[in-house]
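This is the structure I have questions about; it appears just below.
For clarity, chains are labelled A, B, C and D in written order, and residue numbers in each chain start from 1.
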């Protein structure tokens, strides 16, 4: 098979692969958290079963066209972001857009969900969105600071370029020279993934799962898929920027490792209030990131 | 043979013949000012073609009186500057005299019309004369008539305003006379060309010269509304009848301004550091006037302060006389200010006609009750603000360019700060005029349709504002000539005294 | 005695300065009245003082000691008139100025009458209904 | 020559006719305005690139010219003007004066872009400024007073700064034509040149709502007549941007050569502008997040977006200038769209208070769709023109090494999500209010204009290279560095690539996949009523307020209150108080009413002047 054909095959199968792996991530997360908390936990494939169940459920409530379109847009938005992030050294579409394009593609999904939640008209959902957006204002700054330091360091905003520069073993990974930036980004990642202490948007005890409150059946199923892809994409950014990408296997190993760190923090942390979370992002991670950035700017 | 003398002689005759017309019919005196100024304006316009003939594009004729040639006899000079100011005076007077058709003066009416013509006559005399003592006489004719007109309502306020005006005015003109006495004592001549020549040749002690300058500035500054000498202005504008106010701002102030410019530019000469004095006086007058208007509620007083500010701007422009541009802008601004302020005061008179309240709250919403008059008022206002499509734009533009060109960036910036303040209070005023609903009382006041003749006069002024605003070259030749006449002493001297 | 006074006041002793001096004095007296007196009538009188001072100054500019009035008669026509008469111009000016001064004073007083009618006072400090 | 006169005559004649005939028939004023704009566009199309001279002042030739930049800006202006004139068909309540002033305003704006000398530039500039004020005034006043006065005051101040700047240039070069000034700018001393350019940039910055000169903008935008606001915020602010371009890159090209003025590889002006732009963008968007009224929100958003443009201009390399100019177009398009939608909402519901609106998606679906489109562009989602321009700006910022300002710009962009979502949610989503049950969709003139605006938004989003191509032509014609690495669908910068078409197709495919997945799932049930929601067993009725819309981001506000407290407004109010204080003292002193005091002043002046004579040496 020629390269183009290979690419097309990969484009078709990769999302399915990622969805399955992402769902396994979610299952593993539940399992690991349970073990840390001295519970047994559900089986690791539980989320796959959940999704199948959700999709086959009849008669979830529909509040209007945007309500239906919202989860679809969230799913499709994540899917298109997935195509712009190199997985296992396979570039896909990422020659046609750099990190900044990806950053903005990543926004489509939450935006779609937010619009859907909006038409749902449940105040809990909207409060959840307001919290999510506030949180986003918090971590986006940190994220951008880290990304700018990487771009400054490498002189390129293209993922493939950045991965190429890290080739040649663990020692070449940017996590070493750009340790502060990587640290800041990992903190931002915690917020992006919505893991504790940054799970205010969905805080079940406060806003009844927030955005998800009105969604049931296949809507929730779509949102589960969106979440599953989201984890891979978000950890994938970190892997590509700081951990040198890698072959398919190693890529997912690294990605899971990043996710695992987040899980460990999640399992032991309580939840910030949303204001505190926002303020936290604009203080310590931002400061760490800025120091890293200044170091890069000086050393470069 | 049409001669500039007629510009003085006809009004003089008409003024004192008013009571005779009054014997024929009670209505007739009302028409006299209009016909007088119509004739004088016609004469003036018919003189313009000869004025703009000749090699330089304009020329300066000296008209001798009683057959004795200058420097010994009294002469009238009819050059671009004189004609320009005479034109301003005639235009405003014509519009105001049209307004008189709709205005019932206090009894005895004949006196009012007589004084009205005399003010304009005096001002015309001031701008046309070539003899400095003659200028003093005309100044006194103007100012004494103005005192009388200010106080003519015989109310307490008008008397108070008239007295304040009289105090400052008579002291000012006495100082002017003192200045003339010093000049005559040193140089033994009263002819302006001769004086200019002698001063140019250095026959005058610099100290005496500076004393003369000071006396002239302080003396004429009263009429030209310079800062500490202008206390009478808002009071007189508030208390005097509206047509008189338009004459005060459009005619008397401009005559004072002309006298100042003529004396300082042509006789004294600008190389003597006079310009710094003008700059300082101008900027202080400008800022003080604009600041005072900022929180003013009475529209007449507001316009009076604005008038002071505008006069300050003109004086400032004259102070930038190193650059002919500023000078041109200043003369242009004098024209615009006379026309626009005259227009605004007359329109204000109609807006408050049959109502007689002048504060913003009472006149709020007049734009809906009397749309056409308010529209005319707005044209005047926008022109005063110096906005494009209106004549004021070009003059302000030229003044600022000229000031910067002559190196006075700081003064230009300060003047513009004054303009910003002007924008604020005029914008607020516009808001009151258009943005509110008119009160019952205002709706029931005299309809504007009953004031046809007055509106005609104002429309005539507004047409000038827009015409020049769209095509300034309509008048710029005139102003260039005027600037040249004022600034180039040798041209003036040789035109009057013959080739020297 | 009268001779002494005459000598004292003759130009050889005082010169024309006495006229200049007294015109300045008149001017200052007038200025004092105008600035300090509160009564409108007194202020009007002060104005006339100032005018008189200036008029005196003007006339003394043209005056030349020991020369005659500028009226042409036969004796004058014999010699060179310009060297034997005083300068006629200031006199003409002063005549005009005096007339004007009278007009101003009349105007002032007539306004004062109206003010007294309406305000019931002649104190200038109390006549300030128009302000700011 | 004649064509230019026809063009001017078309607008001014239209204005005159609309003013005179408009009071007879509302149809006539709308028709005349519409016709004048179309006719103007046709005339402009025939004018091509050429130069026209008019003899105006002292017989001097006043120059108007058309080059590629002019064409770009004028088409933008005429396009949005056309949209406004289209929308105005539904607004008979506006007075004929409004229509007349609108045409004059368009004329003034177009003439700014065409003018090639100081005189005509300043003339057009002032014309544009005061007609906008007149329009605010003509549409009711009572509640708009402070906004209108503030606008007029600031625009006068800005115009006067421009005037000072120009007059310094004139005084130094004795030329009024731009080309002559550029030729002889070498003769100007550095100090004067810097002063002039500083005045010019500050003056234009007022119009471009650059902090700290922005305080007029939110009020003026939100209080201007609703159909006009899109033009006001989208186009009139661009005159300031254009002015900065002219001052900075054309008149003062030599500034770059002054070594002491160079910071960070560019001129100090550029460096200051980068920071000012970034702070404007960041601060204004944080303020926009907390607005309770739709127009205020969009108005602050405008200030923020203009900050992007100033930021990009400050960078001043090929990327920066491409970004700035393309964002100028982008902002004009999406802000006109959003303001027009809001005008439609206000027309139908009578308010723009976001807490009183809600759920309009069911009643005004078209408006909602285009509000999303406009919002996508505003937030800079790929596939819209907003992303194309923002992306170039980010790349420019990072590439230029302006790391901190770029971070601020990014944060501003994230904040844009926040306020944009609040805008859409509060107005169109959530529960429908009782009193808006019978609200109808906007009339055809409105949604036609939405479509017309949406087309270029998507076109330049999918074909970013086309936009960059246009701008590169402009920049090359001014001998400025231009971005050349682009194809129709993609743009490449030194840092990376963006292919609009690939993203668009990819997203389309993903959307289809999503829909397939959606339809695989089970059937759905339509909600019974508005209150048919998950509320944990609580029974709620229609009276129950479920609209979460007041104080939307209260937690954020609490945390950022220290930052939001910093207000230029307060500083200016203090200055205003000071001026009023001085004004009163001045008034009560010099016009105290006591005649004798006036005589004292006269005597004092006389004495001072006489005494100062003795200083003069004979």
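We adopt the following convention: contacts are C-beta pairs under 8 Å (C-beta built on N, C-alpha and C of every residue); 3 or more make two chains touch, one makes a residue touch a chain.
Nothing here was measured: the structure is a model prediction, and the numbers come from that model.
K.L.:
Most central chain by CA mean?
P.N.:
If one averages C-alpha positions chain by chain, the most central is D.
K.L.:
How many angstrom lie between the centres of chain A and chain D, each centre taken as the mean Cα position?
P.N.:
For chain A versus chain D, the centre distance works out to 36 Å.
K.L.:
So what's the Cα centroid distance for chain A and chain C, whole Å?
P.N.:
100
K.L.:
What is the distance in Å between the mean C-alpha positions of chain A and chain B?
P.N.:
It comes to 77 Å between the two C-alpha centres.
K.L.:
Find the geometric centre of each of chain C and chain D from their Cα atoms only, then give the gap between the two centres in Å, rounded to an integer.
P.N.:
Chain centres of chain C and chain D, defined by C-alpha means, are spaced 69 Å apart.
K.L.:
Would you mind listing the residues of chain A that make contact with two or more other chains?
P.N.:
Not one residue of chain A touches more than one other chain, so the list is empty.
K.L.:
For chain C, give me the residues that contact two or more of the other chains.
P.N.:
Touching at least two other chains: 34, 43, 127-132.
K.L.:
Which residue numbers or ranges of chain D touch two or more of the other chains?
P.N.:
Only 587, 591-593, 595-596, 599 qualify.
K.L.:
So that we know how the chains sit together, what is the shape of their touch graph: line, ring, star, complete or other?
P.N.:
Graph shape here is other: it fits none of the named patterns.
K.L.:
Pull out all the chain pairs that touch, please.
P.N.:
By the stated definition, chains touch in these pairs: A-D, B-C, B-D, C-D.
K.L.:
Give the list of chain D residues in touch with chain C in this complex.
P.N.:
Residue positions touching the partner: 587-588, 591-596, 599-600, 603.
K.L.:
So in the complex, the part of chain B that touches chain C is made up of which residues?
P.N.:
Going through chain B, the ones touching chain C are 133, 137, 140, 144, 147-148, 151, 154-157, 159-164, 166-167, 170-171, 174, 177-178, 180-181, 184-185, 188, 190, 234-235, 238-239, 292, 301.
K.L.:
Where on chain D is chain B touching in the complex?
P.N.:
55-59, 104, 108, 119, 122-124, 126-127, 130, 133, 137-138, 140-142, 144-145, 148-149, 152-153, 156-157, 160, 163-164, 166-168, 170-171, 195, 579-580, 582-584, 586-587, 590-593, 595-599, 601-602, 604-606, 609-610, 613-614, 616-618
K.L.:
Along chain A, where are the residues that touch chain D in the complex?
P.N.:
On the chain A side, the touching residues are 15, 54-66, 68, 71-73, 75-77, 79-80, 83-84, 93, 95-101, 104-105, 107-108, 111, 114-115, 118-124, 126-127, 129-131, 133-134, 136-137, 140-141, 144-145, 148-149, 151-152, 155-158, 208, 213-214, 217-218, 221-222, 225, 273-275, 278-279, 290, 293, 297.
K.L.:
Sort out for me which residues of chain B touch chain D in the complex.
P.N.:
Those residues of chain B that touch chain D are 163-164, 167-168, 171-172, 175, 205-207, 210-211, 214-215, 217-218, 222, 227-232, 234-235, 273, 277, 288, 291-292, 294-295, 382, 385-389, 393-394, 397, 400-401, 403-405, 407, 409, 412-413, 416, 419-421, 423-424, 427-428, 430-431, 434-436, 471-473, 476, 480.
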